[in-house]
Amino acid sequence: ECGHISLSAPIVRLGDPITASCVISQNCSHLGPEPQILWKLEAELQPGGRQQHLPNGTQLSTITLPHLNYSQALLSCCLRWGNSLQILDQAKLQAGYPPATPHNVSCLMNLTTNSLICQWEPGPDTHLPTNFTLKSFKSRGNCQTQEDSIPDCVPEDGQSHCSIPRKHLQLYQNLGIWVEAKNALGTSVSQKLCLVPMDVVKLEPPTLWALEPSPEVPPLQPGCLRLRWETWKPSLHIEQKCELRHQPQLGEASWDLVGALPSRTLRYELCGLLPSTAYTLQMRCTRWRLPGHWSDWSPSLELITTQR
Amino acid sequence: ECGHISLSAPIVRLGDPITASCVISQNCSHLGPEPQILWKLEAELQPGGRQQHLPNGTQLSTITLPHLNYSQALLSCCLRWGNSLQILDQAKLQAGYPPATPHNVSCLMNLTTNSLICQWEPGPDTHLPTNFTLKSFKSRGNCQTQEDSIPDCVPEDGQSHCSIPRKHLQLYQNLGIWVEAKNALGTSVSQKLCLVPMDVVKLEPPTLWALEPSPEVPPLQPGCLRLRWETWKPSLHIEQKCELRHQPQLGEASWDLVGALPSRTLRYELCGLLPSTAYTLQMRCTRWRLPGHWSDWSPSLELITTQR
Amino acid sequence: LGPASSLPQSFLLKGLEQVRKIQADSLELQERLCAAHKLCHPEELVLLGHSLGIPQASLSSCSSQALQLTGCLIQLHSGLFLYQGLLQALAGISPELAPTLDTLQLDVTDFATNIWLQMEDLGMAPASPPTPGTTLTFTSAFQRRAGGVLVAAKLQRFLELAYRVLRYLAEP
């Protein structure tokens, strides 16, 4: 081997010093008694190399770069040969930061994909390849004791979210969950969450329908509307309560709210509104008597109230 | 086992007869001395079952369906039990046709994906799962003798084309290639092609550019145009000849053709045209002195000829 | 002593929710078996069921006339444990049905675990969990599908009883 670079550390903190040494074997430095070893960082010559002649005839040069400010740079060990500079070895220098603590970890149980999807804020760029892992375990109490472990969830490259499949989950038991970030300069661990998957279900909004007038149904009073709704199909087994909000389409009136409605009804009459006026209606639901998140508001349903 | 159906053949030609027999074991026919075995095809009862009592106490019924006209159907062996019909076994009957001979096999060497893409006409639906395989071998002569074999190319489900990757190809040697179709009722083989991959290269059209007037270039004569072109980048290493066609944008004049043009020119002057008239120009190229296919015509270039 | 003063309301509400989910899962399994294999009526498979030896889990301690809470919970758990085993034996029923069967099995297992943990919390749990009983063996794809229809039908009847008793226990 002609020349060989060895580094004090392959990866250092950005701005920290780094020391490199380069050994030039005899079969490469047969040029003259004292071949001059030179260092290049990327394309720039670096002064300050201390060269010495070793007993076994090899040449050794050592250099310390006081502050490595490149996140990635090529360091070359060269030899002056005639009027050219011969590169004998190269080393890749890397610098960056240890991972910041992942924060804002939050999870939602997705009933369509049947998986618990957690996301987090990774924190500032470390300039180094950093692996994030979502770790979790099943627990009986409030996640103080670990019952069964769950396989690590490794997000796709560069993503800050990960999905734990249904087969690893117990939907009604506590789950301890956190995010670990690791790179060459260190490891950091987020705060621990303790949650029950079914308590963090992401409900899709219900669907509202207008009711076709039909003979069996008595005619509507003035200023009334008739509609029906049904909750999102994958959540039919979940007991829910819903809220209906309505506002006239024209004018600046704010939303009026009708609360605590059942999750399904074949016919609902809303009265006390302005007669023959176009209204916009929206509904949202949440798991009820058991914990849960409100769904988003449903797409609007436009209806016109009966005349005076 | 309560009941077991066995078939003369699991798959027959559409319209052919099929014979099935059903053995009812004693532990299932503990009902009465002579339990009646009945057959259902899909949901319809089938008359004509011949039942016999075997020495070992089991009951055997045999039925022949003269013409199986379903490509897929469920045959059930049933037993009358009280006023219900108990299903004891079911067999899936399948009928279809042996594969027709794949035809119109053609191949193109794609320089972008660096693979030989062959396509074929599969022939009429056989109603049966039919596997197509593109088979090929390297050959020295005109594909009479096989030198090295090439791994079978299996198309994606239901596709009638397949790509042989570059690593299996010798671009300048003969390749024997054909398509084999196989299903439960037989195998059929297409005609054999004998081709040299580079001779069936699919060339993309060249690119035409207008020439910016510049001081060094003498002004154009009336009724002339100036342009330049370059062949498709991945085919720069291929010697080609090109054809230019042009027609006035307005009016019904047909295309005029200028043949045998080089595959690259920095400046080309086309004269003898109507002065100050807008022309549409297109070009195509083909591998030349060596065999090849013409590329499609290039997108149009619109230029206006110089005034009188 | 109210029928379920010792059982937390959240456990009962969760149980009701899980029963509804399992009912929906097994209904989907029945619908898919009917669509794909024309096996739509369990009554057509009673004879085969006898020969396969598919058991029916009992909930005798849960009847409203003679409700015996600990016995009822134990029967609920062992019934779910039995169906968990029967569903396992149906594995490989067919690629199209596998996801539905997997979800059903996971939901049944979850519910059985919740009941067991609740019994442990209340000190009602038997000394050792039940051991798997006789396992079903199917000798043909048809038997596995017919077994699927029969197991799903028996599970639905078991769940109807379970739902009634949980709702009764959840009454304020």
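Every chain is named by a letter (A, B and C) in the order it is written, and numbering of its residues begins at 1.
The criterion applied here is as follows: contacts are C-beta pairs under 8 Å (C-beta built on N, C-alpha and C of every residue); 3 or more make two chains touch, one makes a residue touch a chain.
These numbers come from a predicted model, not from an experiment.
Q: Counting only chain pairs that touch, give me the topology of the graph as line, ring, star, complete or other.
A: Contact map by chain: line.
Q: Which chain has the mean of its C-alpha atoms lying nearest to the mean of all protein C-alpha atoms shown?
A: Nearest to the common C-alpha centre lies chain A.
Q: So what's the Cα centroid distance for chain A and chain C, whole Å?
A: Centre-to-centre distance between chain A and chain C: 38 Å.
Q: In whole angstrom, how far does the Cα centroid of chain B sit from the Cα centroid of chain C?
A: Centre-to-centre distance between chain B and chain C: 49 Å.
Q: So, what's the distance in Å between the C-alpha centres of chain B and chain A?
A: So the centroids are 43 Å from each other.
Q: Where on chain B is chain C touching in the complex?
A: Touch residues, chain B against chain C: 1-4, 25, 27-28, 42-43, 74, 78-79, 81, 84-91.
Q: Given the complex with chain A, which residues does chain C contribute to the contact?
A: Per the stated touch rule, the residues are 9-10, 13-14, 16-18, 20-21, 23-24, 102-103, 106-107, 110, 113-114, 117.
Q: Quick one: in the complex, what on chain C touches chain B?
A: Interface residues on the chain C side: 37-39, 43-48, 50-52, 139-140, 142-143, 145-146.
Q: Taking the touch rule as given, give the residues of chain A at its contact with chain C in the complex, in rising order.
A: Those in contact with chain C are residues 114, 140, 166-167, 170-173, 198, 236-239, 289-290.
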